[in-house]
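Heads up, there are several structures right after this.
After this come two complexes, each holding subunit A, first together with subunit B and then together with subunit C.
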Partner chain A sequence: MTATVLVPNVVSPVVVGLFLPAVFTGIIVGLIGLLSISYQKNDLHALILTDIVGIGMLIIVASVGTDLAESLVLPGLVVELAEIMAISEILMSREIRKQGKTVDLMPMPLNLDMEVLTTAPIFFAIILVAYGAFLSGFTGGAIAGGGILFYVITRLARGVPANIWEGLAGASGIAWCLWLVGFLIFFVAPDYWLLALFLSAFGVFIKVTFKASLVGVMGREEFKKE
Partner chain B sequence: MDISILGGPILGIIPLGDIVLYFTPFNLFMFAAALAFTALIAISSTESQVEAEFGTLKNREVKVDKAEFKLRRFLAIVCGLATAGAMVTGDLFDFTLFVTLIGIVNIGIVAAVKEIDVLDAAFQYGLIAMIGTLPLFGGAALILASTGTISLLQIVQIPYTTSLMLFGSILFFLGVAGETGVAPFFATKAEMFRTPGSPFLLIIHLSSLLIIVRTIEILLIINKPF
Partner chain C sequence: MLDIYTWFYTGVVLVIIGSIGSVIGPGVNDPVIRTLNLEIPAIGLSLILLTYNSTIALLTYIAATTIITMILLRAIVRLEELGAEL
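Now for the complex of A and B:
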């Protein structure tokens, strides 16, 4: 039995023709990554090269190019990031332990000392937050969070009052609940999709904003220790 | 060849919008097994372990650090819940995410033991798991591209099998093997099951076994070889 073509007619044949080359590109990228890992003896280099294999994965998933494929791209990216962070923590913890020092459950030897952090204008942060609010959703949250993180890092010298940031953490939790409620409404009562859409979009916007800015708070705590 | 022949009669479905869970006796049995083991982990307290000393008649009590123990037990419970979820999901997308969650959690379980040899094994397992995301997500994306859906109840109604579906299935199986299939090997390589306070690490074996069995069921549903 022959397979039916699932691609709708509005898609140009050039785009459809790109599918198989893209898949093969992804697989070849993965093979190149694997080959270079097999030559590599340094653990850190092997870890970085493994990321190339992950990029090959993203190429294959992105080659499908439908909305369902997008639902695979985002988790794929997150999984890739989570695993590379976990493995680099393992590597750091092992190297510190090899030197005979004790190590926390989460080692974080972070030391940012750059001149640009004290001279950069806060205007950038305002632009980023405003643009993120305009975008809303996950992307907007990431951009606005980047703006707040930028503000925190540039103002590290003067010191930021801690209780404000703890309040932000609470608001982030509540916004996350809004996001979850929005998703639940999508599934349980699809008629109210507009309410669910706005709950989810702005819930995740506020949540991601505060989450990204909380990275700044955690970094500040680490600065204080040193 | 449909779902009701593979796993027994369909006892019921839970439609959550796009995502439809279905229950057959086969799935329910594995779901209950994973949940029962997780419940055992949750109520057990195995932080101290009594070992017989060699050459004398004395016993030796080995205790682990409470923080480390709690972290490992939490990760084991998450692993058990993810396994249980992967057993009943009727959606390739959910299944992929559960498998990657199990992979990340397994890295955490192995890495929580702070010994250099164990961390070595955790690092190598992490690299394999990261490489495994290429065939896992790539395979899922190719199955999506060739069938147009990732809902198993929809895929089972497609009467034909194309070579791209077979190729995607092979990639998918490779990905599952890299993500959870090799985990028991690395856990055993580091002799993790004899480290104090970790008999419940057998969840790695259980999850690996159940996930492989379920993967084979899913691949039979997709490819319809009979």
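Now for the complex of A and C:
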């Protein structure tokens, strides 16, 4: 089974041969997910089933089979994650309003009193941030951000001053601009590709790291509530 | 033998059977079981990404699917805490 579209020579014939089966699989899985959502009455079940549609979308993206697929899978995943997060929050707040009673922000009794949380965080954070800075890019940002997230969650201090929030958000915005400038240099002045590469890689690294550490600050506000 | 098509079509079969299973499989009226059933198409998608050598996409997908499962389980636990009908 071969694809009848124009394919550049650099794409391996195995990937070209797998294109149509992969696309059909994606469409079948997407149809299964969408049909089940349309028959589903309960909102929570419909939210869980949107995951199937996301998997179908990822299969179609992956069927491209080159580096383009890798670069397209990442935004697809991030969008799916944000969508599920937002809809689950909406479901919960609607249920809270419907019942008209006040509930805790975090229902589980999270009494985090383990020794590893007082001795390990600095070591973990340093190792993860150093390794993330070595990797750079989106993956490095995720790893370094995970280190900072763990560090921030386990520290005992409560109440973050507003200017720290705004400073982190502003720094991540500036890093995002560096990323955009890097991409612009790729197209405007291709001779400086190394500069553009490093601007993009470290811009997105700093941005993802700061975003993850903001999530850590939020998580600490929830965990250390009592 | 175990060539590239084996992994790819194993992934395809897992994805399709797993998604059907999480739609009409046994015990899916419990949202926890439905969420856990979703891991089977996730494994299938991982095999497909592995076939295409998309290592970074595979790593990001594993991380993201863990976070998605955590978010869904948190939503289920909180809605059950509130006494909503599931």
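FYI, the second predicted complex is superposed on the first by the 150 of 226 C-alpha atoms of A that agree within 3 Å, B and C clash if a C-alpha of one lies under 4 Å from a C-alpha of the other, contacts with A are read in each partner's own complex, and residues count from 1 in each chain.
The rule is short, and it goes like this: a contact is a pair of C-beta atoms (placed from the backbone, for glycine too) under 8 Å apart; a residue touches a chain by one contact, two chains touch by 3 or more.
For clarity, every value in this text was computed on a predicted model and none was experimentally measured.
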item: Touched partner set for A:F134, first subunit B, second subunit C, both or neither; value: neither
item: Subunit B versus subunit C as contact partner of A:A46, first or second or both or neither; value: first
item: Which of subunit B and subunit C A:V15 touches, first, second, both or neither; value: second
item: First (subunit B), second (subunit C), both or neither touched by A:I60; value: first
item: Partner chain in contact with A:Q99 - subunit B first, subunit C second, else both or neither; value: second
item: Partner chain(s) touched by A:F198 [first = subunit B, second = subunit C, both, neither]; value: neither
item: Those residues of subunit A which subunit B touches in one complex and subunit C touches in the other; value: 33, 47, 51, 56, 63, 69, 80, 84, 91, 103
item: Sites on subunit C touched by subunit A in the complex; value: 4-5, 8-9, 12, 15-16, 19-20, 22-24, 31, 34-35, 38, 41-42, 45, 48-49, 51-52, 54, 56-57, 59-61, 63-64, 67-68, 71-72, 74-79, 81-86
item: Subunit A partner contacts - residues on subunit B that touch it in the complex; value: 16-17, 67-68, 71, 93, 96-97, 100, 103-104, 107-108, 111-112, 114, 116, 119-120, 122-123, 126-127, 129-131, 133-134, 136-138, 140-142, 144-150, 159-160, 162
item: List of subunit A residues in touch with subunit B within their complex; value: 1-3, 6, 19, 23, 26-27, 30, 33-34, 37, 43, 46-47, 50-51, 53-54, 56-57, 60-61, 63-64, 66, 68-69, 71-72, 75-76, 79-80, 82-84, 86-87, 89-91, 93-94, 97-98, 103, 105, 186-187, 190
item: For the subunit A and subunit C complex, residues of the former touching the latter; value: 14-15, 18, 21-22, 25, 28-29, 32-33, 36, 42, 44-45, 47-49, 51-52, 55-56, 58-59, 62-63, 65, 69-70, 73-74, 77-78, 80-81, 84-85, 88, 91-92, 95-96, 99, 103, 107-108, 138-139, 142
